[in-house]
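Chain naming follows the written order as A, B, C and D, and within any one chain the residues start at number 1.
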Amino acid sequence: MFNEFLFELLGTFVLVAIDGSIAANLLWKGSANEGKGSLPLGAVGAFLAVTLGVTLAALVTGGHINPMFTVGMLLNGNITLTSALLYISGQLVGGFLGALVVAFYYRQNRLATSPELQVAPLAGVPEAPRYLHDFITSAVASTFFAGFILLVVSFNLGSLTPTFVGVGVATSILAFSGTSGAALNPARDLGPRLVAKLLGAKNVALVYGLVISAGSLLGGIVGVSLVQLLINLI
Amino acid sequence: MFNEFLFELLGTFVLVAIDGSIAANLLWKGSANEGKGSLPLGAVGAFLAVTLGVTLAALVTGGHINPMFTVGMLLNGNITLTSALLYISGQLVGGFLGALVVAFYYRQNRLATSPELQVAPLAGVPEAPRYLHDFITSAVASTFFAGFILLVVSFNLGSLTPTFVGVGVATSILAFSGTSGAALNPARDLGPRLVAKLLGAKNVALVYGLVISAGSLLGGIVGVSLVQLLINLI
Amino acid sequence: MFNEFLFELLGTFVLVAIDGSIAANLLWKGSANEGKGSLPLGAVGAFLAVTLGVTLAALVTGGHINPMFTVGMLLNGNITLTSALLYISGQLVGGFLGALVVAFYYRQNRLATSPELQVAPLAGVPEAPRYLHDFITSAVASTFFAGFILLVVSFNLGSLTPTFVGVGVATSILAFSGTSGAALNPARDLGPRLVAKLLGAKNVALVYGLVISAGSLLGGIVGVSLVQLLINLI
Amino acid sequence: MFNEFLFELLGTFVLVAIDGSIAANLLWKGSANEGKGSLPLGAVGAFLAVTLGVTLAALVTGGHINPMFTVGMLLNGNITLTSALLYISGQLVGGFLGALVVAFYYRQNRLATSPELQVAPLAGVPEAPRYLHDFITSAVASTFFAGFILLVVSFNLGSLTPTFVGVGVATSILAFSGTSGAALNPARDLGPRLVAKLLGAKNVALVYGLVISAGSLLGGIVGVSLVQLLINLI
């Protein structure tokens, strides 16, 4: 049981440490690649981070590293309540710790950045939050992503499963990132946002983070349920 | 039988929803990546969209999600008339529904775009249509792509089959997109073009869409026939 | 025997038709992506073209689609003289026919380009030829590539073999293309150069093409021999 | 025993010859792609170079081609002292020889570059060395990379193992290269730096190379130990 907690923590830790470090490399002041960010690079970074994180977690658990997928699986009876709680707490702690690695590895670059712009590599902040709109887009994007993960998991792709989950997240980013919101993983958002707050960043938008995370959870439930229906059809 | 219809519909739905959303992210006004489109990004987007769509459809059907390939297979006796009709109607409906997702997910960005430029993420519009030229280029490009798909399907690559079909579409785009036309999939064109029309876009070029779709169908017949000949040689 | 000739022809045909079309899309006047060429795009194009060509040829032959590799295999006793001659003649004819597809698919764009610049998508032309220098660089680059192919073939990677050969060509391009020359495949060079000449291009540099092709053949012999030595060591 | 030395040498030779040539293509004066370097291209180049090098070495050895991983494995009792010494001496010699290929393949471009800028494709030189900071960042980056390699090796991924190690190095570069330092492989650094010195480059920063290599070795020990702990947990 402790291992379930530990490996979901480790997988999410790797996901956030890698994805956040790539973003910091592209965003924080004075880093070697400041200002070189782009849509494909963001998608590739998320692909690598998710693939590695899932690979690590899946040694012991189902390799969720994402509360919206875990909640979807729980409500469809695919995982016990005890496991779900262990998974989710591991994910939230792992996200928090991964963000600490980003914040301290790029410490000099973070401190050289104005407090208003320190949040970005850790969690998304909209120029003007549209709560309802972004709740919906996060739900739609997460519906697609959660359904995709469940399909992949159902295929028994063996050692290629994490790679396909990574492809799913990269695809979701390419397709759904154009309008703000489109959150895909509450553990990638909440812990890192808290780290930004604790380290003195401004405009952390905690309420906004909770709203799009809630949208994401809704999407997880819808996506898993829809694909479960499809699988039963076959 | 209903499942054949449903899964070709679902696969084509995913193909158009993803490929169209990526294009909308790059083209419609005010999206986060407006104006950042490029040849490689278009090829990668199509690769991901086709790979995911084929993966989904292939759970139940042959994973065509493309009327030109289905018609080619029908005329070469590789699929029954009933199945072909179920496949094609599923594909056309799926393309229509996928385009609706794009249109509503990026609704605010679409409405901010001038009506003349709203068609682009949904279906290609030439500056000055060259009907015969583009009928021929669509036929040539589809010949290559259809022949490629049949080769891939003949290899029994298992869970890698959809990935290779995706590689084929990306390659076709890189090689054949330089001169206007080069349509590869009537279901990616017709339903989405109709959606654009219904939602008030200007310059929808429905006739042009029918011409290049006809070219694509011809290419599907030629490509499948040629590769069938080759396979019989071996 | 006819099939050996035919499938080496078909594989090389696909290689040149795809790789050349991608280059034409990026270089010839008025194509949708004119002037957007880049080192990574060239490497990716060659990767796709070689992977598809090898996949097709390997249905029947060893999937060489490259005279420098065939000559290296012949001199190391890995293929009979009869097969080698069938392979090489198929490769040269296939390269010629593939270049015709490029020239006619992008006919309007080719004719809009000045005759001095029409050669580029079909075969490389240096600003100021350095015959000895480029003979040597072509030999070094081909040594690496030929040795790499033989290693890959020896691994029995099954359906992934063509993909790895494609990775080898992409890597060679990234590493060795910086100084002019570095020809990797005489069939990719000679037939297409002849097509350019026949269709009225200027500055076709036929002698230069023969010099770097000779360098490439030398590299094929060296590379295959060195790796054969290594394989015998293990 | 000689084969262990030889194949670690050959693998590291390929790694440095390819990775260094790609960098020279992008950095040295007058090469076809001078000034076109970018973060993704550097990551892809390292991915290809490491994947090919590991593939070659792994025919005979464990495919380390990296002293920091070998030292980590030695201190955790996963390899004998004799093998470790053979591996490491092969790696150092291979790195030296690989850098010679780069220096002579791009000889004209190197000589056209000012002596202060000749080091860059061979080994990293900081604008203003921060010895302690870069010792630490190299240790952190190498901890991640070494742990990742050990996980991958433990999975028995067969012919895909080298590809995954290549993914690990690309990910490490994307995530950790933003702040100077972040050395991942002493054999990629020390021999090439010595070659630069011997061929007359200025600002070779030998002491800096030793400091970040020591950081990397420390990271190798920590990373292998941590993952060994995890593996014992499962």
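Basically, a residue touches a chain if its C-beta (ideal position, glycine included) is under 8 Å from a C-beta of that chain, and two chains touch if they have at least 3 such contacts.
The structure displayed is predicted, hence computed values, not measured ones.
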Chain hops separating subunit D from subunit B, counting only touching neighbours
2
Chains in contact with subunit C and with subunit D: which ones?
none
Interface check for copies subunit B and subunit C. Shared numbers divided by all numbers used: above half gives same, below half gives different; which is it?
different
What is the chain whose Cα centre is as far as it gets from that of subunit C?
A
CA centroid of subunit A to CA centroid of subunit B, Å:
30
For subunit A and subunit C, let me know how many angstrom lie between their CA-based centres, rounded off.
43
Two or more other chains are touched by the subunit D residues 40
Could you tell me which shape the graph of touching chains takes: line, ring, star, complete or other?
ring
Which pairs of chains touch each other?
A-B, A-D, B-C, C-D
Sort out for me which residues of subunit C touch subunit B in the complex.
3, 6, 10, 17-18, 21-22, 24-26, 28, 31-34, 36, 40-41, 44-45, 48-49, 51-52, 55-56, 59-60, 101, 105-106, 108-109, 159
If you look only at subunit B, which of its residues touch subunit C in the complex?
38-40, 133, 137, 140, 144, 148, 151, 155, 157, 160, 167-168, 170-171, 174-180, 230, 233-234
